[in-house]
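Down below are the structures I want you to see.
After this come two complexes, each holding chain A, first together with chain B and then together with chain C.
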Partner chain A sequence: MTSYFTLIFLVVFLPLVLLAYAAVPKRLRGYVLLCASYFFAWCISGPRITFMLISTLCVYGIARAMDARIQKRDAQLAQVKKGKREIKASCKHQLNQLLVAGVMVNLGILIALNYLGFFGELATAALGLLGIHAHFEFPRIGAPIGISFYTLMAISYLVDVSRETIKADHHFGRLALFLSFFPHIMEGPIARYTQTATALWEGRDLSAQNSYRGMLRMAIGFAKKLLVADRLNLYVKTIFTDYASYDGGLIALGAVLYTLQLYCDFSGCMDVAIGLGQFFGAEYPENFRQPFFSRTTSEFWQRWHITLGQWFKDYVYYPVSLSKPVKRLTTKARKRFGNRYGPLLVSGIALFCVWLGNGLWHGAGSQYLFFGMYYFVLIWLGGFIEPNARAWAADHGIDRERGAYRVFRTVRTLMAVFVGELFFRAEGLEAGLAMFGKMLSNFSLASFADGTVFTLMSKADFAVALFFVAVVFIYDTAYERGFDVRKMIEEKGFVLRWAIWIAIVMTVVIFGAYGFGYVAVDPMYAQY
Partner chain B sequence: MQEEIIEILEDINPEVDYKTCTTLIDDRHIDSLGMVSLVAELEDAFDITIPAVEVVAENFNSAAAITKLVARLVEEEED
Partner chain C sequence: MSETNNKRPSRLRGICAALAVVAVLLLALVVTSMIVEPKTNDSEYGLFDPATSGIRAEPADTIDVVVVGDSIALNGLAPLQTWHENGFTLFVCSTVAGKLPDGYTMLTRALERQHPKLVLIEAHPIFSEFTWDYALMSEAQTVFPVLRYHSRWRNLKAEDFTTRPQMTWHDERKGIRVEGEGVAVDQEALDNYMDDTGEVQTILPQNSLYLQRMVSLCESVGATPVIISVPSVVGWSKAHHEAMSAWANEHNVAFYDFNLVSPEEIGIDWSEDSKDGGEHFNVIGASKFSRYLAKVLKRDFDLPDHRGDKAYAEWEELYQSAD
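Right, the complex of A and B next:
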């Protein structure tokens, strides 16, 4: 069992978990899910799941220590009439110390398991530039599945406890399940403690309504992955591994198809994860909101991998922007450059931290660093351009939200996204730059005219993939216009809604890209 | 206080009717860059400190919610 997209998960693991969950008393259901989650992680990562347990123990202990300090402060405040400010400041200081310790341990494990090799290469290269010959090589232990996801969830939990927006959980099992629950452990969504922890541990009864919602959502996820993403892999894999053999036109198409592949793979996995949560009465946050309708790159990241963007906004962007030194700088910049451009200039500091973190979070590689910096520059510059573009449109009587100008904004954003994804998927920064260079210098449509394009993927595969891409686009367009397609199906009569479900499943069975001629593709974000 | 806050908001994004809008954050009328400007302006205008923990949608979704937040922080500063 390597993912949700395996037969053993669907016909053995999931039914057994559901059976055990329904069979045991309510108070034991959380334990069933916890055991199932650790078993699932063990099947993928083996003994490396010990690191997940260590992180959970650390987070549990530190949050309890924070809780004890907060209670001590409250008792002190109740006894005094003067000096409350000092008592609060002392408590805040100690909470911050505990928070730093907790974040360091969790980030330390993540860095040790995922990034030491990369940092060693960087250090070796940097010293080489200075003429010092040194070689840093670290043993590769390998990380457990989902470490990048549960580490962010663990940090958000600690920060929220230290900010006193949530109380420390005194139940170790509930916290452990919140961090390790098998639907989210592979690719997220990155949930917050208040969104899922209680619901999961409560052991809510399985209901026909929730089961149908979960099954429908899962079927849609499987359809996106097997009908579109895994089929497009035929083209994408070849073009990105052997780009030197193809012209710029085919590489440009590769960038577009990879973006579609990633969207259908990742959002399909999110459908499966959210659907699995719905079985057990847990509502995971949405991770995508029709990203290809975005007007700016900034908006794109509010619609794509939403929970990651929100995590960085809440735990990096605002804390950095609103820290004392940055605030002082903002005040000075406002006096010097005005109310709009002053804060914008300084916001570059926080944005840089966000996109450095975002890039590195995706992986230890120069292409990911480049990817982060690419979006940092686009979004920061976009902030400067936006008020001028708004003023220009107003002066010329152009409605930016409708018609040709609206289409222009979306197309421009999509082009930027395709280029970003080209670098993201490329096998190293050097390969990314070479591919981008070929797109500009060797662009040709000849390979489309002479049929070379179909040596990468057959006409039949193109036809099936593009048909289902069109279906996904119509589905997304309906959502964008306020039609909740899933809800409409869920509200249909028994016969019709099950007929629709069976139709989706049969379509996946008949047209899915699996078996002979196809390579099973692991969920793409599970590697991060 | 609310009128002064609406003036600050209009300076950041003039395309919104702040007297009626209750989804400033949810509908992204104020983005994260605008939020930093808004916080800086509010802190200057009312001599308060707005910590990151207060920067959540429920405190900034409407002019009324912002007024409530500012009034509470002013009161806490005076304590």
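Right, the complex of A and C next:
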């Protein structure tokens, strides 16, 4: 069992978990899910899941210590009339120390398992530039599945406990399940403690309504992945591994198709994860909100991988922006550059931290660093341009939210996204730059005219992929306009709603890109 | 009390509804399977690996020895020569890189119309790793061919909707696909061939399970299962032999490791009898090995001699035309 997209998961693992969940008393259901989650992680990562257990133990212990310190502070405050500020400050100081320790342990494990090799290469290269010949090489241990996801969830939990927005969980099982629940462990969503922990541990009864919601959501996820994403892989894989053999036109199409592949793969996995959560009464946060309708790159990242963006906003952007040195700098910048540009200039510091983290979170590689810096520059510069563009449009009587200008903004954003994804998927920064260079210098439509494009993927596969991309577009358009397609189906009568579900399943069975002639593609974000 | 009574019909309704949904889904899988399933046993209708299904067109109960395995078996035998020299019929049901679940499916199909005396299970795939998911998918594809042949939607013809599969294609090579010129085996590999390093290979639980299923299947139709290991310098070692011997002893199945027989005794010249430097035989190597194998089988098992029997005339004609 390597993912949700295996037969053994669907017809053995999931039914057994559901049966066990339904069979045991309510108070034991959380334990069933916890055992199932660790078993699922074990199947994928083997003994490396020990790191997940270590992180959980660490987070549990540190949060309990924070809780004890908070209670001590409250007791002290209740007994004194003077010196309350000192008591609070002392508590705050100790909470921060505990928080730093917890974050260091969790980030330390993540860095040790995922990034040491990369940092070793960077250090070797940096020293080489200084004329020092040293070689840093670290053993590769391998990380457990989902480490990048549960680490962020663990940090968010610790920060929230230290901020006293939530109370430390005294139940180890509930916290462990929150961090390891099998639907989210592969690719997220990056849920917050308040969103899922209690609901999962409650052991809510399975219901026909929730089961249908879950199954419909899962079927849609499978459709996105197997009808579109895995089919487009035929083209994308060839173009990105052998880009030197193809012209700029085919590479440009590769960038577009990769973006669609990633969207259908990742959002499809999210549909499956959210659907699985719905079985057990847990509502995971949405991770995508029709990102291709965005008008700016900033808006794109509010609609794409939403839970990651929200995490960076809450735990990096705001803390950096609201830190004392940055606030002081903002005040100075306001005086020097005015109220419009001063804060914008300084906001670059927090934004830089966010996009450095975002880039590195995606992987240890120069292309991911570039990817992060690419969006940092686009979004930061966008902040300077946006007020001027708005003023220019107002002066010329142009409605930026409708008509041709709206289309222009969306297309411009899409172009930026396609270029970003080209670098993201490229096999190294050098390859990304070479591909981008070919797109500009060697752009040609000849390969489309002479049929070379169909040597990369057959006409039939193009036709199926484009048809289902159109279906996804219509589906997203409906949501964008406030029409909830899934809800509409869920409210239909028994026969019709199940007929729709069976139709989706059979469409996946017949037109899915699996088996002979196709290569099974693991969920793409599971590698991060 | 009344609440409990209300819940019961509701739960019963729920179970009936769930069963109805499952039944409709299964029906849809069956119907689509019937449509997309290849309608002949050759590649005309998109059948994968037609070589594995040639046996299904053979007249019933005419095959004495069935061989299952992977490319080692595909390239390692000479059925028509075996016929000509010994008078028993041997058919190879193997596929390139075949795993045991594939072998089990092929054997099941082969034994639908044949009741051979012997089933030779070539040992290389026994060490070929596969996941439980692979096995499950293989079983599901057997029950619902739409899971294997779904991509045929793009080539469907009118008769796909109206006809049932017909086994019309006779494989004149009787399952083998031997080819290639001679490529000499690396001397170092030859020097280390079958050296005793003290190691023992592992037969994974899923592999062992499928091997047991194959053995049981043979026994259920009265065929004797025999494990053989075709000589292969690159793909076999003493560690494989030890593991295979232990398994065969434990399960009371005959095991012949021809890698232990000296090349001189079989007549193999590793400088020219392999097509790829020691992993697979070429035509000459397959011919030499088949001659030796047939001698062993005739010696140890009661195999018939059909030469002169008109029902088997086609075998001699094919041998003469192939010669």
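In this section, the second predicted complex is superposed on the first by the 528 of 528 C-alpha atoms of A that agree within 3 Å, B and C clash if a C-alpha of one lies under 4 Å from a C-alpha of the other, contacts with A are read in each partner's own complex, and residues count from 1 in each chain.
In this text, contacts are C-beta pairs under 8 Å (C-beta built on N, C-alpha and C of every residue); 3 or more make two chains touch, one makes a residue touch a chain.
Computed from a predicted model, the values in this text were never measured in an experiment.
When both complexes are overlaid on chain A, chain B and chain C end up sitting side by side without clashing. In the superposed pair of complexes, A:Asn339 makes contact with chain B only, with no contact to chain C. When the two complexes are overlaid on their common chain A, residue A:Pro291 makes contact with neither chain B nor chain C.
Rounded to the nearest 10, the angle made at the CA centre of chain A by the CA centres of chain B and chain C in the overlaid structures is 170 degrees.
Once chain A of one complex is fitted onto chain A of the other, the partner contacts of A:Gly146 are absent, as it touches neither chain B nor chain C. Judged by the touch definition given at the top, the superposed model places A:Tyr317 against chain B, while chain C stays out of reach.
Of the two partner chains, chain C is the only one touched by A:Phe494; chain B is not.
When the shared chain is aligned, no partner comes close enough to touch A:Gly30: not chain B, not chain C.
Once the two complexes are laid over each other on the shared chain, residue contacts for A:Pro189 go to neither chain B nor chain C. By the touch criterion defined above, A:Gly214 lies against neither chain B nor chain C after alignment on the C-alpha atoms of chain A. Superposed on chain A, the gap between chain B and chain C at their nearest CA atoms measures out to 40 angstrom in whole units.
Partner chain B is touched in their complex by these residues of chain A: 84, 163-165, 298-299, 302, 313-314, 317-319, 321-322, 327, 330-331, 334, 339-340, 343-344, 346-347, 350, 383, 390. Contacts from chain B toward chain A in the complex involve residues 11-12, 15, 28, 31-33, 35-37, 39-41, 43-44, 50-53, 55, 79. Within the complex formed with chain A, the chain C residues making contact are 14, 17, 21, 24-25, 28-29, 32, 36, 48, 131-133, 136-137, 140, 146-148, 150-151, 153-154. Listed in rising order, the residues of chain A touching chain C in the complex are 1-2, 6-8, 11-12, 208, 460, 494, 498, 501-502, 505-506, 509-512, 515-517.
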